[in-house]
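Order of writing sets the chain letters: A, B and C. Residues in each chain are counted from 1.
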Amino acid sequence: MNQKHKMTITHLFTHALEICESFLRQPRIMAEKIYQKHKMTITHLFTYALVICAYFACQSMIKAEKMTLSLEGQLVPICAYIVLAVSLNLTVGISGELSLGHAGFMYVGAITGVIASMWMRYAFTEESAFFLFFENMNIDFALVRMLISLIVAGVFAGIVGFIIGIPVLRLRGDYLAIVTLAFGEIIRNIMTCLYVAVNKKTGALNFTFNNSDIPSKDFKLFIKGPTGITGNSPKIATFVIGIGLVLFTLLIVQNLINSRTGRAIKACRDNRIAAESMGLNVTKYKMIAFVTSACLAGMAGALYAANFSSVVPSKFSIDTSILILVFVVLGGLGNILGSVISATVLTLLPELLREFDDYRMLVYVVVLILTMLITNSPIVKSLIGAIKEGAKKLFARKNTENGANS
Amino acid sequence: MITFLTYLINGLNIGSVYAVIALGYTMVYGVAKMLNFAHGDVIMVGAFLAYCVCAYLGLHPIIAVLGAVIGCTILGILIERLAYKPLRQATSLAVLITAIGMSYFLQNMAQLIWGSDTKSFPSIIQGDAIVLFKTVQDGVTKTLTLSPINILTMASCFIIMIALTLFINKTKMGKAMRCVSEDKGAAELMGINVNLTISVTFAIGSALAAVAGILLCASNYAPLSPTTGSLPGIKAFTAAVFGGIGSIPGAMLGGILLGLIENLGKAYVSSELADAFVFGILIVVLLVKPTGLLGKKIHEKV
Amino acid sequence: MASKKFKSNTIMVPVPSTSIVPERDAGKLPVLETSHLGIEFGGLKAVDDVNLAVGPTEICGLIGPNGAGKTTVFNLLTKVYQPTHGTILLNGKDTAGMTTEQANRMGIARTFQNIRLFNNMTVEENVTIGLHNQIRYNMFSGIFRLPGYWMGEKKQHQKALDLLSIFDMTHLANAKAGSLPYGAQRRLEIVRALATHPSLLLLDEPAAGMNPHETEELMENIIKIRDQFQIAVLLIEHDMNLVMGICEGICVLNYGRVIAKGTPDEIQSNPAVIEAYLGKQKEAK
């Protein structure tokens, strides 16, 4: 093969490449355009897809008996934490108000949810019309109880959120944070004084702040003040319901932030005064975000409580609120997908670190601190910036080359 | 009447401890503009250090106090340098999360070193309680006493506040702190070493935390364990907000009021709902005066 | 004036509140009328006894030295501050006790001296925020993607692009507002204000930081906006070419008080105005 042939072949080859690229260019630009235009929708769909895939992955692992028991026990709590993280992201990331009392709403939801499900358990006997209605439709009554208790929990937590929101949303910044913290503690404090019993025969509920007031006969005490929720069995929360709630939450939050209302919420966060001058009722939109968030947190609380036969009140303390906040911040403020991932990973992390046992919380917090330091340090930031810039340049050069060719 | 006075003295006592903790919070907030969530755990570390010096080494309580103060000062500076300084330019939420992480880190370290069981704190001051008042009513003798630790707590709280006020207002470093709290950038342009100033603030705050930790445990308000500092920390923080965060007299006033409210609430409202009562009052105050009792009002410029 | 004149000379006529409007607006209700408007900040009278009237299609200038209280007047008109004295009539309706949001719904929109865009949102989203009260659908159609959502979004998108085309900014629709150059941010603020369908547009130093060419373009655009939307414009500006070039009536403020009112020509030869800007002639010598 002489020099001339070589040249021709190279020439032909480059031509062929160019032709290929010109064929590919149009779709690529199109894809780029579509991505730019529907960036949010694509991210949202990806989030749903991820959750559904995770569900099937877990189910197949359970079927294949590859999943450890402790991990299987974590599935529903993980769902609850995802819902909590996503809902808190609505307040902190989208609405821009630092809330440190999210566990309070969770607690309200847990208590009201358990009350609802216990009441239904005893109020509707197996002969009652309500029970038979679902029996005939071949629907498990436990599922009905769970769903109704979720709704009840959501409604009550939403009402509490609204009542708390009236004073809280008048404040700003750190003061708002401390007041939400205070409300969270108040809720927990009041709830730890509450005793609720249900009449095993009629389903009548008995609320009291004093243990001795409850008649022992026929009554089952299931919320026992400082001991928390007890005897909440059999468990009615399942992984399917958990995933369902996660998807429901994603639907509400993602669609909300991408609608007229959501844009208004974001505008109020970005610049309150400008938002007011644009005719937005800032308090109204902050309230919508706050109440929606409280509502979903309540549902998560009901799900969480229904997964355990007993839950102590310290599960709903400030520590939990902060834990959820950590999920949100590490996942990225305003980033829903990030919240989902970080809630999952950070709930699993201590579980996976079980071998270290004594050190696992330590490792957890060290990971947390290092993540914060690394993601926020100027050196790393400039490095990431440089990489992005380099990628952009590379991309831009390719584009101009294409432009020159055409 | 005597019962009331006893509650009052107890309230003043715990209030003084809250005030000392709140001073640390408020100083750090004022200068570094961050909520140092780890402050409550520095208290715990201080108490543990003092406990170690007393119980393991068997030294005099004064040395224990000194040791705890020095140890916590170093700890405070270390925390600031390692965890907070790299985040000076970051968002306040990132700093808050790091502080929360630091808080859990200290708790877990303490648990590893000292175990999670509660320790009984040695009494750091001996002496008989002073009987202020004595009555016999219906055959029951009621006495109003002031124990040495009460006197020590209130006195040290008072001295600390005066010393701190003088430090802030009369010394060069104090002036630098006030400058940094107003405007970090401008202070730097005026030749103030901002990093040093913030480190000193943390050092002072942590030293105060050590004192507060010892007083807290010596007054038997909380048993000594790795989680000793969390709740008093949060309460002292609300006290600082209550009085107007960033203001030293505000922290003092807030702390003492909080202690009084808590104790009187426990006595006359409900012992179980005391915390709810304290936080309820905080909310009412913030709604009436959104910047706290002695806080400054900040206008947003349009 | 070096700059070309954009308007024919207007004759100003008085209205009841001792102010003036262009002759063509004479019989009509002024879009804005203030009487004895004032505010005190702890004893300091930042704005005092301001009587101002703006005709329905007038371009009116509010000028004065730094610290004269011009932006404070804007803040009073938009209810960022509640006035301590006097009344503000918007289209003949008293705005006492209203909030900023309600004032906007009454038909008053503004831009800001220090730009206040929603920086983390795209240009189009910024404009749709302005359209918030114009094109509505409820929250539930948003969450559950009911037909109302799709129709509303489509309308908003179309309207936003229409508005952006005034300043030739349609190609920037998907860019982050915070990443725009300074001049574009100022223009976007005007578009956003226009989206709220105002009857009175307040522009706070619209030409600040713009080069002469951009300023010229802006002047054309302000007139275009006025003619197209038939609205009144009240603007604060330090660039005298712009003020003298497009304003029909000018109100001069100093130390919170109105020191002169009139047409550009009158203002230019008014001794009180010259004194306020340059100091007393004796001192100058």
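Some notes on this structure:
The working rule: a residue touches a chain if its C-beta (ideal position, glycine included) is under 8 Å from a C-beta of that chain, and two chains touch if they have at least 3 such contacts.
No experiment lies behind these values; they were computed from the predicted model shown.
In this assembly, the chain whose C-alpha centre lies farthest from subunit A is C. Relative to the centroid of every protein C-alpha atom shown, the closest chain centre, again from C-alpha atoms, is found for A.
Note on chain placement: the centre of subunit A and the centre of subunit C lie 43 Å apart, centres being C-alpha means. One simple way to say how far apart two chains are is to compare their mean CA positions; for subunit A and subunit B this gives 35 Å. Here the CA centre of subunit B is 51 Å from the CA centre of subunit C.
Residues of subunit B found to touch two or more other chains are 302.
Shared interface positions of subunit C, i.e. residues touching 2 or more other chains, are given as 80, 112. Among the residues of subunit A, those touching two or more other chains are numbered 273. Listed in rising order, the residues of subunit A touching subunit B in the complex are 92, 98, 167, 170-172, 174-175, 177-179, 181-183, 185-186, 189-190, 192-193, 273, 318, 322, 325-326, 329-330, 333, 358-359, 361-362, 364-366, 368-369, 372-373, 375-378. Of all residues in subunit C, those touching subunit A in their complex are 78, 80, 99-101, 104-105, 109-110, 112, 116-121, 125, 128-130, 132-133, 136-137, 139, 141-145, 149, 152-153, 156, 174, 192-193, 195-196. Interface of subunit A with subunit C (complex): residues 36-37, 251-252, 255-256, 258-264, 266-267, 270-271, 273-282, 288. Within the complex formed with subunit A, the subunit B residues making contact are 29, 35, 83, 86-87, 89-91, 93-94, 96-98, 100-102, 104-105, 108-109, 112, 234, 237-238, 241, 245, 270, 272-273, 275-276, 279-280, 282-283, 286-287, 290-292, 300, 302.
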